[in-house]
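What follows is chain A paired twice: with chain B in the first complex and chain C in the second.
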Partner chain A sequence: MGLENFADVFASSTFPTALWNTVVFTFVSIAFQFVIGLALAVFFRSSFRLSNVLRALFLVPWLLPLIVSASTWAWMLSSENGIVNSVLGAFGVEQINWLTSPDTALIAVTIANVWLGIPFNLVILYSGLQNIPGDVYEAASLDGAGAWRQFRSITLPLLRPVSAITILLGLIYTLKVVDVIWVMTTGGPGDASTTFAVWSYREAFGTGQPDFSPAAAVGNILILVALVFGFLHLQLQRRQEAS
Partner chain B sequence: MQNTRRKPVALATTAVLTTATLALVGACSSGGSSDSASGDDSTYTWWDPYPQHDGSSDWEQRVQQCGEDAGVTIERTAYDTTALTNQALLSAQEGTSPDVILIDNPAVSTLADTGMLTTVDELGLDTGDVDENLLAAGVVDGEAYGIPIGANTLALYYNAEILEAAGVDPASITDWASLTAALEAVTAAGHEGITFAGIGTEEGSFQFLPWFWGAGADLTQLDSPEAVAALELWKGWLDAGYAPNTVIQNSQNTTWEEFLTGNFAFVENGTWQVNSAAEAGFETGVVQLPAQDGGVAPAPTGGEFIVAPVQEDTERYETTRQIVECMTTPEGFVETANTFAYYIPPTEAGQEQLLEEQPELETWVEAVRSAKGRTSDNLGTDYPMISEALWGAVQDALSGAATPQEALETAQAEAEAATS
Partner chain C sequence: MTTTRPWWKTVLGVVFTALMLFPVYWMANVSLTKTSDLRANPPHWFPWDPTFEGYTRVFEQQLPALGTSLLVGLGTVVLTIAIAAPAGYAIAQLNLRGRRSLNFLLLVAQMIPAVVMAMGFYAIYVRLDLLNTIPGLIIADSTIAVPFGVLLYTAFMSGIPRELLQAARVDGAGPWRSFWSVVVPISRNSTVTVALFAFLWAWSDFIFASTLNRNGDMIPITLGIYNYIGNNTTQWNAIMATAVVASVPAAVLLVLAQRFVAAGVTAGAVKD
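Here is the complex of A and B:
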């Protein structure tokens, strides 16, 4: 019985789609979250007037209940009545069926998820930046290093441990995302935006016919994937410390 | 050096994490409530999916009254619809089933399949008066496992003002061709045509079934030419702009909100919106969902069944029977109908009594009479699997991921694999 469930999951026509979607959703989300989060963190490092207020405002996406932000995104991206399409329409772009076309559904949920993940990356990376002593930058600028050079030679290397943990946590948070996708597209149309986590949820609670065995099997695969990345992280850290 | 020192730590961390995760998973599965049913003889437990009716509601008093008549106190607990099925299955495993459950009709066969329900014969109930098409949803292998306490179904609401402006007579809508012609007329007049729920959940199948059945298709053969015709009808509406693209992810609530904006000429929706339609800011009406070549399409029935789970102490059945009977008299049905704002009684006597009070519900009574249970045709527990394949096909076809023909062929293969 037990292994049969796994065999069924692997043989399912949803499996390759879900695998691909999970990989794309996770890596694209993290890449954009991290880059934008880091850019904002560096930006806020130099304090200026109202910088604290602005930084606090950037935390709002994090504070909102996910169901609220996901519903709001779903409205904004609605095909006929969404603000995104109406703005694009003003520039002559034809109606994009963000949530209802198999070509764009995954992009739409990824955009929403990137937006949701930026504050987390911002906060952790910003606090990491605080730990880099200011005199290092001072010395660098005395040696004539420009902003880009400083960023590459000081900020990035000194931020590496914090970056690693941010990315690992982001990975785990993103792998398990159900709510955003479920509210926006229920994994659809068809399987177009179904990830492993959504698939698992759908089998268990989404169909009105609770089917916990395949749901648990998919869930276990997710745990394995997370463990693999956990080990990978440990390995990387070890190599870093050894060098 | 460092390497060998750190390895055990890493392994230990992983081990602890894994154990913690597993422990959490274990804790969740045993965390269900265990309010015992077979406590004392004067308290009977009752579960229903109506959390909106709290302890001070008319519904609660009605339930209590039935308890009093049977000489016992009823302890009522309300769950959310999906949670109720899970709770019921869980309680049966733990041997703490309630005496009475009101449950959504497609779930009856799921519960009956586990052997946790008594049949109406075992309980000594008479179901002779109940409309056969409604009772069918609770029949598995020739045995009835419950009695519908009311039924609702789908029909086509229209915005009378839009139809009038576009010169469409609602009475002319008798088949698919006349409906499509009406959609063409209203969209040509600058309005939105029709909205329905094509969402990738049970609601999507629920809304598609009247067209599916109305074409003469059968759930055991999802890729029949009739089924393809039904899906092509929907897809055609989308392509022609008679229906918005958002129907692919619309729930029935969303479509109703869209209709209430006053922009849409038609919406496919259910009995439960009768009150809301009366309060809309424009004049509304309702017609039957047409079948392909004319006549009324069989719409799926919605609504709850009253069922009695198996108890260790079989002496309790006598009182349970009295409670169930109290809920299923013609007067009882009408009272339930009124409490729930338009729930159509499942017996002819009940329907006639309701029509005397509210003749405007005629269309709905007729719709319920020609409706069809989703788990009927002895599909039983196969239905949810077939339905999942079906709504997948609807999604794939409407979104353009596949043609209706391809989508339904895939669905049929899926359904066969899942039910074999």
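Here is the complex of A and C:
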């Protein structure tokens, strides 16, 4: 494999699109997964009737085979018979071609990916919350701090190390995602929902005879990113152990 | 704080869970819908008049695929534990040289995208004649679970008191013997967690199956679903029925082994 493969990758018209899609897909996925996961973790922090059962049920999307979730979302988002368009239609929204329009394909796969990532964020953040001693909150509420104030001044700062690792692991997982996008849109229409991982998969295995040279170049970019995040993860863990 | 408004929270919690699990419900609902009703507008919200056409087709056509997945899953579990348990023991207890760099490598190994791994495996398998074979798929799938397994075993086995192993040594047991008769039995919980995840990941794998087993006679269930989608986009009840059946291991896992699942998710991320 020569350097010209890298030159080809960078010169390819897919490159800027794939870069942009990867960035958008990753950051939007993580932002929503994290915020929703955190909100749910806070919601589940103090136990209530059925809370353990409900929290366990939240794991289901994470345990299902990705191809199962992806095909379910593909059917839910299908243009003419999808339940999503049907519900939106009841509110007067016109039919959206989620998977077949270049404007919405990336949004569609991101929605599915956010859904997939919520359980993971919830579980890790929840166990992080369990390590914050309850008397900190009691003291705060004695001092008259309301729920929002407690969240801002206790939960967020004390949860920061766990949040950092959650987001980092989320980044790593999201960069790798192929199955979900491939099953829902195969990266299309055109390159509209092609990320680096999907691009690499398509180049290598998308056609009849596997061809590795350009795909491997894209793959090497991904390995490089993984290495950087690996170092970051190690640093974070060391700091967490030190504190 | 804990018992101020429990009912209000329960109701809200049920609503959140219902929203979150709606796609799962929808999968089950569509799997029971008649082919003629699939394109109904508005869609049928409840399977009032359920049909089992979809499931009949699953059992007519996908039984071999389910068997393949089961075989690959079990093989992956065995291979993963056979590698990860001794490796974890060596890193945790045997004063291995360079174990920090080994730990780092395992971490990075987990981060390498499966596509990249698949390309490497493909190139090797072409030469070793392992393409489209079950052992080939088992070896590839175990690379997902082995790094996780080693890290989990290492974390647990580092906590085994040295005195316990020293006592075994005094009784004349070598490192191998004390591994078998002391370390393995007390690491049972870790073994269950590793086995569960190894099985689940192998069962769910699509990337290795679709690349290393593209022309195989024995395809796993994930490829079965994928081929369904490619071939007949009208039979969504059959696709969703297959999806429901393919979700069974996940459901079993959740019911029988929930605490191991939570332990596994947090293992890599949070240290107590």
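Simple rule for what comes next: the second predicted complex is superposed on the first by the 224 of 243 C-alpha atoms of A that agree within 3 Å, B and C clash if a C-alpha of one lies under 4 Å from a C-alpha of the other, contacts with A are read in each partner's own complex, and residues count from 1 in each chain.
Just so it is clear, a residue touches a chain if its C-beta (ideal position, glycine included) is under 8 Å from a C-beta of that chain, and two chains touch if they have at least 3 such contacts.
Note that this is a predicted model, so its numbers are computed, not measured.
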**OP:** Mind working out whether A:S79 is in touch with chain B, chain C, both or neither, as first, second, both or neither?
**Re:** first
Subject >> Partner with the higher number of touched chain A residues, chain C or chain B >> reply: C
**OP:** Based on the superposed arrangement, let me know which partner A:P102 touches: chain B (first), chain C (second), both, or neither?
**Re:** first
**OP:** Once the structures are superposed on A, label A:V123 by its partner contacts, choosing first (chain B), second (chain C), both or neither.
**Re:** second
Subject >> Which of chain B and chain C A:T207 touches, first, second, both or neither >> reply: first
Original post:
Is A:T185 contacted by the first partner chain B, the second partner chain C, both or neither?
Top reply: first
**OP:** Would you mind listing the overlap between the chain B footprint and the chain C footprint on chain A?
**Re:** 74, 80-81, 205, 210, 223, 227, 230, 234, 241
**OP:** Would you tell me which residues of chain A are touching chain C in their complex?
**Re:** 40, 43-44, 46-51, 54, 56-69, 71-76, 80-81, 83, 86, 90, 115, 118, 120, 123-124, 127-128, 131, 134, 137-138, 141, 162, 165-166, 169, 172, 175-176, 178-179, 183, 197, 200-201, 204-205, 210, 212, 215-216, 219-220, 222-223, 226-227, 229-230, 233-234, 237, 240-241
**OP:** Using the touch definition up top, name the residues of chain B that touch chain A in the complex.
**Re:** 2-3, 6, 10, 14, 17-18, 21, 82, 85-86, 89, 104, 106-107, 110, 199-202, 244-246, 248-249, 384-385, 387-388, 392, 395-396, 398-402, 410, 414
Subject >> Footprint of chain A on chain C - complex, ascending >> reply: 1-3, 6-7, 9-10, 12-14, 16-17, 20-21, 23-24, 26-27, 30, 38-43, 104, 107-108, 110-116, 118-119, 122-123, 200, 203-204, 206-207, 210-211, 214, 222, 225-226, 229, 236, 239-240, 243, 246-247, 250-251, 253-254, 258, 261-262, 265-266, 268-272
Subject >> chain B-touching residues of chain A, taken from the complex the two chains share >> reply: 13, 74, 78-81, 95, 97, 99-102, 185-192, 205-210, 223, 227, 230-231, 234, 238, 241-242
